[in-house]
């Protein structure tokens, strides 16, 4: 079934940059951003009812299989950036998110993550699990 | 039973300081040291047959309940310090380790950790588990 | 000069436990708490005008020289604990904070940190810097 | 000038997976891999004389601007994987590395990083700095 492209699901999360996330160069260490994106996925899940607890309950993993970062400008200690997460519609049994970290009207980072669904034995599910299709319907994506 | 004080069990582990562990001030962030001590406990376990896998097998947790750091001098990127871990004999159902991080003949950190034993339901074991007493005997501590 | 004991300076900070801070045992890894305490120190600084930027401006470091953790109960993913930070008055040229992490009316962690003052060459200042004494006066501590 | 494609520069680094890098699911948290790649870049730099200290000395930054991870299989605690880093020749003023994390003959992760050169004011250098071209010549790449 086609996804309805008009529906845009997105969320925002303000990042509090930790001193421990900043490197010797005085900028946020590139590896620290993975946690910011995870914060954004949680904010998305909280907003749209797709929480981590839901997966646990359904005995489903949704591990990240692709993660791409494009660093535009370095974040510094004391900044108050916002990470925006947007659901990217796909017919595949995948969960794809696009991210932007923005501060003072400028883009600091763009990123994309791809998650798949696995059962408890870490076997890939070729079809999206029922609870996820249900969620898509509720969201007006199907 | 009294522990034999003459037996000294210790191990050493060279630390490779990561760029990501150094803060804006150019020194290792104080919170990064917890991982160095954990590396030392692993080195100790590997040397004396008290590995993490052993606990898993026995369905026992040994969570840290006390952790005390005394920072003497700051470690810097590029240094090759060694962390020394020493088992501190105790009659209690506890696992106590003392640590020293040393570089160029100088002490940079002293620390102590205290672990207790718990079962899978996170209930404290007032008596040390059998496998641990066995280990103590093998080590000549009992 | 004696500090006035009646003045109590404290702040609170809600912790958002990150998935990445939780370990294989399903509880917050003991080393993750150092960042929570740092968050609390920032909240304290923001509330009472003793920010990190202030130190930078004055060319002063305030490195942690002692850090003691007492873990009472393990935090788990999904909890919404609060860390309370309290300034401990001292006549010494030190900054001492006591911490408590509390959730659902129960104490999960108690901790204490001690900071000293250093100049840009990492030389210990035996007397507290002028800006800090000024701050103490403003706070009614002197 | 064309780079000579026949020259292959690569290095290897054994990873010691830390307990703190493993998540609730019992696998290495996806964000932990950034440090493994950094370890590999250090090993590469140490082998071929392109160390972090060299950049500092030349007042040059080489920040990461692109970082792409493709997770094939999850690493678990206790594994002893190796990360292989390979220099990817390019005529651009960039530093491109490809990575593979391998254990027991299987690929667990593939990744690519792209670094650019910046001066101390974080201004992009459109031409590679002299010391880097010199290094390329020494390596037989130019």
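Order of writing sets the chain letters: A, B, C and D. Residues in each chain are counted from 1.
By our rule, contacts are C-beta pairs under 8 Å (C-beta built on N, C-alpha and C of every residue); 3 or more make two chains touch, one makes a residue touch a chain.
All values derive from a computational prediction rather than experimental measurement.
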> Among the chains, which one keeps its Cα centre farthest from the Cα centre of subunit C?
Replying inline: D
>> Contact counts by the stated rule: is the higher one at C-D or A-D?
In response: A-D
>> From the mean C-alpha coordinate of subunit B to that of subunit D, what's the distance rounded to whole Å?
In response: 32
> Roughly how far is subunit C from subunit D, going centre to centre by Cα mean, in whole Å?
Replying inline: 36
> At what distance in angstrom does the C-alpha mean of subunit D lie from that of subunit A?
Replying inline: 25
> For subunit B, what residues touch not just one other chain but two or more?
Replying inline: 19-20, 31, 34-35, 38, 77
> What does subunit D use to touch subunit B in their complex?
Replying inline: 16, 18-20, 34-35, 38-39, 42, 52-53, 77-78
> Which of the residues in subunit A come into contact with subunit D in the complex?
Replying inline: 25, 27, 30-31, 34-35, 38, 61, 63-71, 74, 122
>> For a test of understanding, state which residues of subunit A touch subunit B in their complex under the given definition.
In response: 19-20, 22-24, 26, 29, 31-32, 77
